[in-house]
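Next up, some structures in structure tokens.
In the two assemblies presented below, chain A is common to both, partnered first by chain B and then by chain C.
After this line comes the complex of A and B, so read on.
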């Protein structure tokens, strides 16, 4: 009965294990052939990151680079890459997960492999993702999680000890943390017909309290700032598999705008990965026009805000009419508004009036 | 109006009153100067006899100081295997200032026969104890106990004994008491002995200090530099007074003969030409020259360009080989370190011949011993100069005239520069004999010697840098290849870790090549240029 989801997860894991083993065999055979081992991977330098209009996300270009252990500048990261591959395979074999931070610490004590700092280990993990074209979650490596999900969605766990266990995501009123277990879980059934993504925890809690999931028939997701990859991947799955439209609701400032955009189009940092972007998702507010229309309390834009807005205006992902209009208006008004600004009309205004308006408009 | 009283003072009296100018200004400096004066006399005596010196030096505490710190009375004893002093000269040599064997034009450490006596004088005035001297020229041994009559500059012999000399000992022993401060002068004395050993690698020096510690500076060779010869003065090095005396005492019948007989390198032609330019008739009998003529001659000699260069055979440089040897042994250098010595060709200043020798050392051995930056060792006629370094022309040459970065020397590069100037007259700036005046000729020779060495040093350093880079490169492969092999095998589920030695050999080949080339760097070599 618990069969299908677990089998699918097992199959994925075996594929990843196989890919890692193939990497090992390649290097092993090169050394046996008295050759300095090398691998080809896609270049992640900025000039090889291209915005794909069709996919509506950043992708890596065709340029390949050779990571060669004969090169004195490459040999250390090369050794670290092989170690990290081995470490990931151990994780998969023992069905354990690890955080980015833990990977950094696990290399401690491995003389010469040791990472200088977490940036270095994060970077090697990204290399491994690029080399095998798989996200780190496939290697059971996760970032620290802070985002959460709530709503009528039944999932089935595939992690050891919980295989086949099901849970409905309304069971916990604080929402369920989006961690490794949830990320690898299978979606079984839902009555929801849309996904509502919120930037801030306080607003998420308010929506749960106001039973917004029932009112709008939605699954609520809280990103806690810039959405982590696993969260983006879940949003994408709900959108693709469940055919659910996705609505994003952020602060009305350049940083909120960009949180929405990364969910929609992905980030340059993850240009080597697919399956993280949700091009159909819609940003529904807070817009600059909302500030005028709802006469929201505002704060002045800082120099940093204005600089960021001007950068966004030139970014190819912001080519659309809506984006250009809103950015121009933000700059023209010189103000911004937070989600909490709606509180001036009472605590329930946002659920009773604003959201219905916006969802209808979208 | 007070009546002035006039009196002449003896040289002993003069130095008694002005002892600071001879290096006896305070108890710690006095002990250092005493060691130095006696040691230099002993070394000169051994070199005069052409035997490798065997010197034993002992300082013993006789009376502890009254307070916690301050002067104490020490007994100082030095034994050498030098020429020894003939019986009849012993009291005069040690009991009369300005008496000695050094008033000839030949390079030696002392110049005036002053040092030994002033030391004894200082001992006497601070402790009122007699000096004991035993000496033999190979026959019987004469032992004296005596003091100096300071007012009259005369020795007072208190005791004289003659001993049988069954073993045929030759040499001199001096023992005296003096006020000093060993704890303050300890470092300088040690440094002095060490640097002396550096320029006299053929000497064996043993030192027992007041705390009973034994210091040995062992000889590295029996080979000694060729001895200096006594030579006639060069016409350019003569002053009015000297010339007046020479004219007064000569037996030459005319000025042409006088010039040829009393000066070096003056033949018939040169003598006539010179006298013509000085407008002196070559046939003039020397006795008929007036005072103006003598002044005229000295001036003319200074301007005359046709004299031969001064004869350097009166000089006794150490030689490139011995200098290198001495520095190598005292600084514990290995063959892997850079060490090179050069000797410049003889040159002259103001009519005095001089030779500059220099040596340079650099390498890991120095770094290990804590050397950092340039350490300068200065020597004049084989005497280490330890004080007033920055007033010395050698310091100026090293620190002002050389742009070290040209030679890849950075401020913390461990580098030893040793410079030896030998001359019949060292251009000391003061009686204390601790630093050399800025004679342009001397400065130029020193600077050139250092440049010559530094050019070779530059090669060594640039090769070391390349070598280090190669070594670092190889070590990177040695560190990471095993890891790649180990984890790729694990990842591929292979039992056996693949062999990386062929890969290491492929990158290591270059290293051997570099190593071979670096061996070609000259070690101690004497190439004239």
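After this line comes the complex of A and C, so read on.
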């Protein structure tokens, strides 16, 4: 952890503005040289998305595509990309954030730019990420999802009006929302020595209430389902900068398993980005093995669940022994169990017994 | 606003414990008198749910049902109700909160109690609410949904470990999560003179960023779709105790309209409860009229949307002139518009122009 605080955030913003400006200069130069402007981007088509065993995440291959304004089919996405870059720079200049949806509607206010739907505009934002190798959060564009964090971590805000102001994340016992302000904050100080990531709000509230952050000396993070990117980047920062091991705790079903995997290895959708995956993070439960060992109340796997488990089994990210064993056992048992299932042994069992067992095992 | 703080929360808890104890005593007395125990509850069947024009909300009619343990068909729900009452008392005694789902799973740990699914257990919790005329939050049972609040309001926590601790709700610029701790907090002090309720996270973040809380001297509340009960009760408290007018701001479509209406008039599901509706609250947009006036980007109404609008038109809560006019116009225009649609005029238009217009009109 370091206390460079605002200066690091300023540097990041300046670097991103610079990258956007360079993109603009490139296009200007081409026009000035009487060329049709064009840019090169890594291809994001499926055949160029590769699982990297070393990095343990999906990456883009070497294939590049050239987006050329001389090509009639490229003019539209080319113009959209340039507009999106301009809009991002405006956001940074005015120190405003925006959501994906607002970007789409902002374009609708322009006479000369057009997106037929939000998918098209989201896709262009991903192009811009790819072109500049920066996540959209660097352009101050955020998705709407919200997750939460709680525990002894002092942060220092960098958003306008709050610069230099510090907050300790135990201050609000319902958990502190992860939005633009938290995502862009510096991490100043913590006494925690690990991170516990939880898929569900109910269990997060349970852990706060049972003071799991003190008992396990942990920072608690609630992903609210699939962890949004900003949450994944916070997990990664705590793991990297703070040298804290990360333990992930999800429902015992294929969807929970995959929530853990995306935190650990990233998603194919974000193959063009780095800094989101935490390969050292450990999925500690609910395992199929736990369903048997702790005799948890279960529900039957649906056809969808079984189909999904079979897909995961073939996914290169799931090559490891633990994953294969647990996927096989889920299929064999034909059942799944939710985090809340531990309540059958009383509300505190999960903190008093299950988590200590699992953390010791991990 | 008052500073009675912890004492008021203690009193509430004691009263709820007392009510639960009385329920238990009643059953004991009946058994001791060698009767099969029974209790009376207001019927919640549709023909006993009435719209009260005076209160401007749904209420239960006078019909009572007797749940009698001599009746073989009643034994199961009777036993479930008594167990749920016992469990609620345990929660209060140990000052723990629980979610609806955890209650369901907690029952599964009992040898002699059984719920076939969570619907059955949720339904029994509603019976208990009806029997004791108290919302489940009084029994420390919360749903999982989360919404958020932001603005100059100082609260004082009453949850264990935080008693007497105060927080000002401008402290975290991503918004402060509304969970059990915030719901049970006392409201100490505010300089705000109104409440702005917003359906969507994107717009909530926009308003925080544009300092709408300062410009409009308002407390901002994000409902995250349909407002959960705890959020509705916070809105009601700010309106009643704090004498603050409440303005609701939703998407311009039947679902947004109904989010506003449920805050104003409550839902049929909560006809057995009071203290959730805010009849004075005003829906200020996005109206169908606004779509025309502000020339907003729109999407076509789907068949579902049109069906829903026709249902709302017949709903007794929608008798007022404004509602009828706007529903008719939505149907006539055949389109809807989202909150973010204002971005076509720039990100700040909504704060600089639209909201001032609407607040002045209201």
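One rule holds for everything that comes next: the second predicted complex is superposed on the first by the 358 of 362 C-alpha atoms of A that agree within 3 Å, B and C clash if a C-alpha of one lies under 4 Å from a C-alpha of the other, contacts with A are read in each partner's own complex, and residues count from 1 in each chain.
FYI, contacts are C-beta pairs under 8 Å (C-beta built on N, C-alpha and C of every residue); 3 or more make two chains touch, one makes a residue touch a chain.
The shown structure was predicted, so the numbers you read here are calculated from the model rather than taken from an experiment.
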Which superposed partner A:338 touches (first chain B, second chain C, both, neither): second
Which superposed partner A:202 touches (first chain B, second chain C, both, neither): second
Which superposed partner A:79 touches (first chain B, second chain C, both, neither): first
First (chain B), second (chain C), both or neither touched by A:361: neither
Most chain A residues touched (candidates chain B, chain C): C
Chain B and chain C footprints on chain A, overlapping residues: none
Of chain C, residues touching chain A in the complex: 96-99, 101-106, 108-109, 142, 144, 146, 148, 157, 159, 161-162, 167, 171-182, 200-202, 205-206, 209, 211, 297, 338, 340-347
Of all residues in chain B, those that touch chain A in their complex: 473, 476-477, 479-481, 483-485, 487-494, 498-500, 502-503, 506-507
Chain A residues touching chain B - in the complex, by the definition given at the top: 20-21, 23-25, 27-28, 31-32, 34, 36-37, 69-70, 72, 75-76, 78-79, 82-83, 85-86, 89, 110, 112-113
